[in-house]
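Shared between the two complexes below is chain A, which pairs with chain B and chain C, respectively.
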Partner chain A sequence: MDATFFLNVTSGGLLTGLVYGLMALGLSVIFGVMRVVNFAHGDMMVVAMYAAFLLFTKLGIEPVPALPLVAGGLFVFGYLLQRFLINRFLGVTEHIQFLLLLSIAMIITNGLLMVFGPDARNIQLDASFESYSIGPLVLDKVRVIAAITAGGVAALLWAFFRYTTTGTAIRACADNPVGARVVGLDVEKLYAVTFGIGAACVGAAGCLLLLLMDVHPHLSSDYTLLGFIIVILGGLGSLGGALLGGILVGLSEALSGVLIAPSLKSMFSFGLLILVLLLRPHGILGKKP
Partner chain B sequence: MSALLSDRRAVLLLGLLAVLVVAPLGAGDYLLSILITILLQAYLGMAWNVMMGFAGQFSLGHALYVGLGAYAGGALFVHFGTPPLIGAMAGMLVSAVAGTIIGALGFRFKVMGVYFALLTIAFAEFVRVLFDHWGWVGASSGLFLPVSNRATDDIWMLRGSATMFYYVILGMAALGFAFSRSLLRRRIGYYWQAIREDQEAADALGIDVFRLKMIAVVISASMTSLGGLFIAFYNNNLYPESIFSMHRSIELMLGTIIGGIGTLFGPILGAVVLTALGEILTIAGNAIGIDGIKQIAYGVCLMAILILKPGGLWPWLRQRFGLEGGAR
Partner chain C sequence: MSDNTMNPSASKGISRRQFTAAAATGALISSAGLPFRSARAATPLKLGVLLPRSGHLALIGQACQRGAEIGLPMLRDMGYAVELMNADTESNPDSGRTQAEKLIREGAQMLMGCFDSATTLAVAGVAEQKGIPFVVNIGAEPKITEQGFKYVFRNFPSAPMLGKGGLLLYKDMFAAAGVSPKTAVLLHVNDSFGMGMLGGINALMPKLDMPFTIVETIAYDPKARDLSIEVAKAKAAKADFVMTVTRLNDAIMLVREMVKQQVETMGITSPGSPGMYDKQFFKALGKYAEFCSVNIPWFDPKQEMAQVLSKTFEKAFPEESCDLNVGFTFEAVLIAADAHKRAGSSDPQALTEALRATNIAKRVMLGGAIKFEANGQNMNLRSAVVQNLNGRPTVVLPSESAEAKLVFPMPPFKGRT
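Moving on, here comes the complex of A and B:
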């Protein structure tokens, strides 16, 4: 195997990894603030992919311009879900929370199956067949676009948490919910906004992933697990960690796919997850609890 | 005897057992297959309950032990004609070893709660991919047990009619119930509950928390592997994709959580409710003519139970009908 081929696979994995990272960012935000483990994350991702698919096939809107629409739609969905359902389950034990999100996931996946059927769908843009070449390096155009957009959305999110009043208030809730309530913050509403933001991240990631991959309803649990692997690698609750984790998983998938066997690639991800859970449970960039 | 029968729960239990023992006489093939599904689900729920309900350790990867039990019994039978009873011992041993590894790593490295649950999923998925590539057990194309003449029942080789399988799983469920009950009433059961409620306090009282949690994992894993063996011989086919899947882990714990976690009747009640719900929704779905509606309605019902009775149905029923008394 020559170096150029290797370089191309690596860079492809890296770019895809950024999109994975954006998806995991949503999971990380939701867990970091509410301590809720979103087992419906992959399902929300697949919803977003189908939304982008419909917008393209029915209205001719390409996934990147469709991104604000889909992300906005998922924000509303996430906001309402947290506001009217999950907020009632915040104090209860984790297995009940887990089942609640699982039942949501079940409803979403089977709803999608009913509407779209089990077949894989994809879209083809003009850009799908173009590529950039820099010296020996050949990069798919859509992959570059997806990765840059993912990075941009992540940067926006970072700025939101850093510089806006709402973002600061959400961070306050994450650090100390009781204290946040004492100083007069509407914690329930901020939680709803947070879940909305987490959902919007998945929405954006779903649009971008549709540029790179097929979509079918049964992908959802794979994406949920993938999201967990990524955030735990990077550190639950850490924004930079989620992106780093995404890139690592993207790289390991791409490399194990060509070096060993494509069907073994998930074993590497799970092996990595076991190692990180045991040796560094707070993740690579996460803070020690 | 009178002390036993004065307990209304004992009457309920003996009545239930009597009905189940004579059930195959009146039940057709369809009803029998549903009863087998219920008993299998109840048995697996009891096994999971030992680890989560009694000792408070959240496992989301119990499909691992189902799969190991199924493959140990199935592969030995296919390759060497080993009787299932020997295969069961092999499966229990392998599952106990797997449980020991996961438990020892998880508990020693202080992986707790959600993180522990994810660790169990990771191991189950890891092993699933491994079996997908292991040629000796058929890899991803599956392992098939030879289907022999079903006119005669051979209990030693577990080859025979649905009625035979029904009595086998009924026996397993009854033994599982009796075993769970005796565990809960022994010193170890009280230790487990102390750990479940407050691990640090239990530790401070001098309970060997690590050892007791390990025992819970090993017992739960071995019990679960027997359920796997039953699945292998009842279905006659095994695919890593389905036997080790996360869906199986979820299905396995669903009944117990719905029925009432940590209780003895919870897994049974949960299995009955969920299986009945599934069947009713299938029939209703067919009547309406929309396939996917079943799973959606299932999700909605699940959500409704969680919102209305988050502690499970059995604790609520028990209170309603005055079945309280003693230890659960």
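Moving on, here comes the complex of A and C:
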């Protein structure tokens, strides 16, 4: 195996990792602000994948142009879910929250099974079979498009939290909810906006993942688990950590597939997780509690 | 999630309208003069049909279900009487076991299924325990007929038979094409079917004195989300051609990834696995599905019953594949119905004895008469080279059954129109 081979595999892992990172951003945002672990995360992403699939098959809108529509739809869904359901469970013990979100996850998965059936579905674009050749480096075109879009969405999210009034207010809620209430912020509304933003991130990731893989209802549990691995690696609540965690998982899957065995690549992600939990329990970029 | 019913149209994947159309077509064709009409049996056999109609094997499970149901009018006209009691194994051996027990409790006199080897083994255990005969439509794991089960009958090649039949056909392929590739890379799923095939291939390669060597073997999870690493590894092996042991979704992912990574090879061939002949494979890959080939037991295009079944199926399900899943499942129902008719009874012991004495010459798949050895295995099964040509799987070898000429080496992906 030569250097070109490693370069190709590493670049593929890096590009996939960026999309993984975007998917985990939503989970990290929601936990970072509200301290709610969204067990319906993967299910919401699968909803987004089906929405992008329908927009393509019924209206001919490709997943990247469909991204704002799907992300917008998921924002509204997340906002309403938080405002009218999850908000009522914020003060209760954590295991009640887990049960609530697991119930939502099961309802979504079974709803998707009823509507779409168990079959895997995919979309075929001209780009699905194309690649960019840069010297000996061969880059999958859809993976490049997905990774660049994921990077763009992550940058927008960072700018939102950094430079907008709402973003600053949400950060204030995350740092000190009592203080935020004292200065007159509508914390419930900001929590709903946060959940909506988290859901929108998942919606964007769902559109991009549809470019890379088939969708079926049972995919959700895999991605919920993957999201948890990524955010725990990067640090719960850290935006940069989620992206870094995604890239690490993408790279570790790629390299372990090459150096050990492709069938063991998922196991390697779990190994990495255990290592981080042992050496740095709050994650690579997470803050100590 | 059993939907045990005497109504075949209640199964997933087939609408009432489609089933009515299929039944009407079958009746029409049979009344037009099939050679095997006879008196009807009085009491129908209650046949428990266990197939993975949901879960990761759902597509193929539903194809098998269509095979079970499409031939009912034909069988009725041949004087057989069968009632299907359908159950979904959910692509899960535990569910399969539970559903088998439930079917038996509800009166199934014989079981049929289960497509995947792990579930088939689980159901075989139940059949053995309850003393109910079990006809295996598809399932290649050798243990199915090597564990000493008394009630299990398999009309499908075991993995070594599949491997041997498939591997020997490579010699015929290379002779017919006038080329001699020296190296291959093997990509295979690591489920029980894939591992059984791998064991068979590894054991047989030296014994059969094959003209090529496998330079790299790459295993992957059948539920893998992405196969880019696997294909990159296969590309790096720089072998003359690619051998695959796949299911459907992974077969699509593999070829798509080969196109993206510009893997140009003499051929993408399977020594005997599903996926590459499926209609969904053609739909998903279009021109890139062409020239992939599978060495597999297949319909005998020269058999009249095969022609009738294909026509009936294509009329009823124009969007679906009439492939070996349909053929072997149809034959499994035929075997069950034939045993019931000869036994003249629904007693499990009488049915088992009748199954042991099976001798069906007129069939739909390639091979001789359906007969079972003492271990319950039918040895009269033959593989064909089935190559994707002009948008459909086509028999290209053996030459006496060929519908078209083999294309090997295959044209490169780049520049295909």
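Heads up, the rule we're going with is that the second predicted complex is superposed on the first by the 289 of 289 C-alpha atoms of A that agree within 3 Å, B and C clash if a C-alpha of one lies under 4 Å from a C-alpha of the other, contacts with A are read in each partner's own complex, and residues count from 1 in each chain.
The working rule: contacts are C-beta pairs under 8 Å (C-beta built on N, C-alpha and C of every residue); 3 or more make two chains touch, one makes a residue touch a chain.
Since the structure is predicted, the reported quantities are computational estimates derived from the model, not experimental observations.
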Combined model on chain A where chain B meets chain C, clash or fit: fit
Touching partner for A:Thr16 - first (chain B), second (chain C), both, neither: second
Chain B versus chain C as contact partner of A:Pro262, first or second or both or neither: second
First, second, both or neither for A:Thr165, with chain B first and chain C second: neither
Computed vertex angle (chain A) for partners chain B and chain C, CA, steps of 10°: 70
Minimum Cα separation, chain C to chain B, after superposition on A (Å): 5
Doubly contacted chain A residues - partners chain C and chain B: 113, 261, 263, 266
Residues of chain A touching chain C in the complex: 1-2, 5, 8-9, 12-13, 16, 113, 117-120, 122, 124, 128-131, 133, 138, 140-141, 212-214, 216, 218-219, 222, 253-254, 257-258, 261-263, 265-266
Contact footprint of chain A on chain C as seen in their complex: 12, 54-56, 58-59, 190, 218-221, 223-230, 232-233, 235-236, 249, 252-253, 256, 259-262, 284, 286, 288, 413
Contact set on chain B toward chain A in their complex: 52, 58, 60, 105-106, 109-111, 113-115, 117-119, 121-123, 125-126, 129-130, 132-133, 140, 246-247, 250, 253-254, 257, 261, 290-293, 295-296, 298-300, 302-303, 306-307, 310
Footprint of chain B on chain A - complex, ascending: 37, 88-89, 92, 94-96, 98-100, 102-107, 109-111, 113-114, 221, 225, 228-229, 232, 261, 263-264, 266-267, 270-271, 273-274, 277-279, 281
